[in-house]
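The structure is given below, and queries will be raised subsequently.
Order of writing sets the chain letters: A, B and C. Residues in each chain are counted from 1.
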Amino acid sequence: MRYVLGRVAQAALVLLIAFTAAFVLLQAMPGDAIMIKFQNPELGLSPEQIARIRESYGADVPLVAQYGHTLLGFLGGDFGYSVVSGTPVSRLIADALPNTLVLALSGFVLAVVVAVALAVTATLSRFAWLGTALRALPSLFVSVPVFWLGIMLVQLFSFQLGLVSVINPGPIEGLILPVLTLAVPISAPLAQILLRSFDEIGAQPFVAVVRARGAGAGWVLGRNVLRNALLPTLTMAGLLFGELIGGAVVTETVFGRAGIGRITEQAVSQQDTPVLQAVVLLSALVFVVINLVVDLLYPVLDPRLRSTVRGRKAVSA
Amino acid sequence: MSAPTEQSIVAGGTEASPSGGARFAPRARTRAERRRRVRPTVLLSWIVIAVAVAWAIAPGVFAPADPVAGNAADALQAPGAAHWFGTDATGRDMYSRVVHGAIHSLSGALIAVSVGLVVGTVLGVVAGAVDGVVSEAIMRLVDVLLAIPQLLLMLSIIIILGFGTAQAAVAVGITSIAAFARLARSEVVRVRRSDYVEAAYASGGRRVAVLVRHVLPNSLTAVVALAALQFGTAILLISTLGFLGYGAPPPTPEWGLMIAEGRNYVATSWWLTTLPGLVVVAVVISANRISSALNDRDRR
Amino acid sequence: MSRITRPLGATAAVIAASLVLMGCSSAEPSGEGAAAGEPVVGGTLQYLEHQAHTSLYPPAGGFYPNGGILNNITDRLVYQNPETLEFEPWLAESWESNDDATEYTFHLRDDVTFSDGTPLDAQVVADNFDLYGLGDQDRALTVSEAINNYDSSEVVDDSTVVFRFSAPSPGFLQATSTINSGIVAESTLELDLEGYGPGNSDAVVGTGPFTVGDEEIGASLTLDAREDYAWAPESWDNQGRPYVDAVQITVTPEDSVRVGALLAGQADVIRYVEAQDEPQLAVDGFSIYAPQTNGVNNSLSLRFRNPLLEDIRVRQALLAGIDRQEVVDTIYTDNYPLATSVLSSTALGYLDESDALGFDPERAEELLDEAGWTVGSDGIREKDGERLTLVVNEAAPQPRSFEALTLISQQLAKVGVDLQILKADAGSYAEAILDADQVQLYHSMVGRADLDVIKSQYYSSNRNTLLNWDSSDDSIGDAKLEELLEAVSTEADPDKRVEASQAVQRYLIEQAYVIPLFEEPQVYGASDAVHGLGFESVARPSFAQTWVQR
């Protein structure tokens, strides 16, 4: 129990530091959103008028006070308003999050399916050439720029073959290509980790014993190897999924989907600080929670660890 | 960025796998088998990298045509004898642009890897060599690096540093610090706990001396493997930054920028984005291949 | 009092013919003969936008994605015919002004309702202009750029409203016709800037042919046809409800996807076809629309108060050293005509200055020699140890700004001028363009079909692109320019106003304050199934008369 509490406290600390680091980072950028928006020559505002607007946004107080104010607001669930559009940040995030979640979850599930299928086939295949070919695939998957992959998929499946529509597609139809684009690069590291685990565990003496007793290769994989490979895969999954939440920007841009990634990119270019703070907090929260869950699940999944849990220090947050 | 790459394998897989069992499992395959399976592709990978480096060092030898100035009359020609990779909308020779772009892309990737390697490894080694508060503090900082979205981090850094190839490379490098730090730390911890290092301590070796003589050399192979992997990743990330408009300013013949610029012609002039794309894929795959070969050798 | 609907002079007639340029010869709508007959009612038009909209506060309508929506959900008091640039009744049946243009009276239609059911009356119109003319600092709502010298409004009766100005405001009538003066309901006027933001768009209520339906922030927005719309301008073919049931606006930032979707039949109309993509649409079944923006040309403003550009000979050398024709030929297409004045040849008051805009690199070198700038060891000129290095901003909203500037920089290098291009993040950029020490050449344009447009671009308290007014010490560098510009916006007599605008154009070129590059269009692509696609006077799309023949 003490271990769990300690881990939670660590997670909270990471959240706070991430929030603070983001604040410092954003303040270090030249200019700010108010300047970008209102100093635009089109508006013809005088410096005095801009100063007054700055005041009304509370941007004229010392940074420390702004930091305290923002932090208190966030703790109380008040994320403020986007400086660029005036929309409440909570509304922006709430609108975009489901899209990104659906995309990320589907992409992740597909990636896992592809990775497992690829690793199992490569390991069990009777044909050496097939195994070799499949083992080379993950390297190829991570070597293709994602935006390029997305554009190629759109060109081929939507514009040339006309199989799916990218403009106003149905809810499922609209997911096919983006999910594929997202899943390809993620499936690669998963597949590689699975392949490695299969190789290593498959080579252990006990497997040879089990097989000698007449167990089929599939049975061995299913019973013993898959379970052992689960742990590193799970860790990996935690890391990847965290990246997915904030990282679908390229896919979202190519396919014109609303989502956290698009919001982030636009907010960075306009230095829309309230939005960015919220995005950082959200992504840090996802990262911390997933890692916490993975850490806490380890002993449950792997009995060998139960006794050593208290001695562990090497685990990541 | 939406290309979570293999860096995470190493970062996540080893560091956070408390069993640690996977890495030390005995292997059934004999050395001879392994050599036969691995060698040709690794050799090919080294050749690809060597060619790219040669392009970077002496582009004029391989492609005498001017990569920046074009002849408008030759615009958008398909690949052929005169122009191996075709020409772009302003009549520039694409092959020449790819060859001359090698220096920009490779040096960008090199800068990125150096930043991540140096900063990350130092942090990781320190965190691994000492216990207690310092180690914890470093690793929590590394967590913070991972918790902030990679894209947001990179774009913010570029905005602060200014636009340019080197700046983009530094930004990519900073986002890879976490992976290097985690790996370096776990390697140091692993080696520290191995029998011969314990023995070295037991026989009265001083902490720093043991670290430098025994721990570091044995930890480095994995880090070098990650660096090779990260080299490919950096090329991809820099090209993605080009896609988002934060990369090298045109008309620099940087590979990522060429792929990004050519994408508008996908339907009509496929070669503009496809051929530079294939070059990038070849180099990145080669870097990955070399990386995993290094890892394998380490494990034998 | 005199009626204000007066002939606008010879310029307007010229414009009619040249307004909508069809891009390519092969893009002639082939099926037009068969299909152009009866408009088809119903269906959804798929429109692809390049960027997401940021606000539906009408004075923010200058940003194209905002204006594209506002133009379809709001009506204006007066309609400016985009072909003749003449004014026609719309929400106002008639209007008059006093002789010195300080008082305008509008007589409104009495059958107009907002989409929330409230009627249009003099009070709501007065409230609209009180907001647009004066702004509201507390709600961060800014004054409309189109309205000058606004003082107050007076409601005479339910259908009559009077606007008064503290100084002559001859551009006001045109201002009431722009998107920035879209009339919205009382409930909308109460919103603060947040209320006009994305996610709340359906709260922006107008009298226009469309209303805002479903919205997904940053991704899509639906315009639904108003069944009871019955107050279209007289010159519209369609006097009733819009032909289409809805317009689905989808934000598709990726150029290749926009063009590809149009070609694949997944979209009907796309905005922002870049010059290099135009050839792809030069195939049967597709058309390019390139409506002009009728204002100040895409041009470089030379910040003459900077020490490097103080000498008129240096400025003249830059003007002579740039091969503008080569820029247009290399970077753009036929839809981007070479500029022949500060104003577009389709703009009101245009004066042909092409004789003074010739390319003459030898003359440029002579001028620089005379000015004491001698060629240094690396080919770049120097004077007293200082290099002739100038900085120009990359204008992200302008088409292919970076490519054009790159070419210009190569051209100037040949006469010994080092031109650097500022490519920066939005924060550094916002600061740099207001500082003549950081940006000496400012790349920009502004579209508005009124003589006031030239004042908008150069006057001290407007865009001030020449930085004639220095905000740090509140000083004016060239008082004569200020006077000339003031005359344009205050001269009540129309002919004298045109003369005033021409005096400015002449002066700007004489002093080599401005290097005009090309007449900027907005380029749209559409499938030939689309008919009746209209554009208002600065090229925002209008869907009320559009129908799709599927």
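The definition used in the following text is that a residue touches a chain if its C-beta (ideal position, glycine included) is under 8 Å from a C-beta of that chain, and two chains touch if they have at least 3 such contacts.
Since the model is a prediction, treat every value here as computed from it, not as a measurement.
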Contact graph of the chains (line, ring, star, complete, other): complete
Handout entry: Far-end chain from chain A, centres as C-alpha averages
Key = C
Practice task
Could you compare the number of C-beta pairs in contact for A-C with that for B-C and name the larger?
Solution key: A-C
Exercise for the section: Please work out the Cα centroid separation of chain A and chain B, and write it as a whole number of Å. Expected result: 20
Practice task
Find the geometric centre of each of chain A and chain C from their Cα atoms only, then give the gap between the two centres in Å, rounded to an integer.
Solution key: 41
Practice task
Take the average of all CA coordinates in chain B, do the same for chain C, and state the distance between these two points in whole angstrom.
Solution key: 46
Problem - Residues of chain C whose C-beta touches two or more other chains - result: 254, 256, 260, 263, 425, 427-428
Problem - Multi-partner residues of chain A (at least 2 other chains) - result: 29-30, 151, 155, 159, 253, 269, 271
Exercise for the section: Can you tell me which residues of chain B touch two or more of the remaining chains? Expected result: 159, 263, 266-267
Problem - Complex contact set, residues of chain B against chain C - result: 72, 89-90, 158-159, 162-163, 249-251, 263-268
Fill in the blank from the handout: Seen from chain C, its contact residues with chain B in the complex are 254-256, 259-260, 263, 274, 276-277, 279-280, 330, 402-403, 406, 421, 423-425, 427-428
Practice task
Note which residues of chain C are touching chain A in the complex, please.
Solution key: 46, 48, 52, 54-55, 62, 137-138, 140, 142, 145, 192-200, 216-220, 248, 250-254, 256-257, 260-261, 263-264, 266-267, 425-431, 433-434, 444, 446, 461-465, 471
Problem - Contact set on chain A toward chain C in their complex - result: 29-32, 35-36, 38-47, 49, 52-53, 56-57, 81-82, 84-88, 91-92, 95-96, 151, 154-155, 158-159, 162, 165-168, 253-258, 262-263, 266, 269-271
Problem - Complex contact set, residues of chain A against chain B - result: 10, 13-15, 17-18, 21-22, 25-26, 28-30, 132, 136, 139-140, 142-148, 151-152, 155, 159, 181-182, 185-186, 188-189, 192-193, 196-197, 199-204, 231-232, 235-236, 238-240, 242-251, 253, 261, 264-265, 268-269, 271, 276, 279-280, 283-284, 287-288, 294-295, 298, 302, 304-305, 308, 312-317
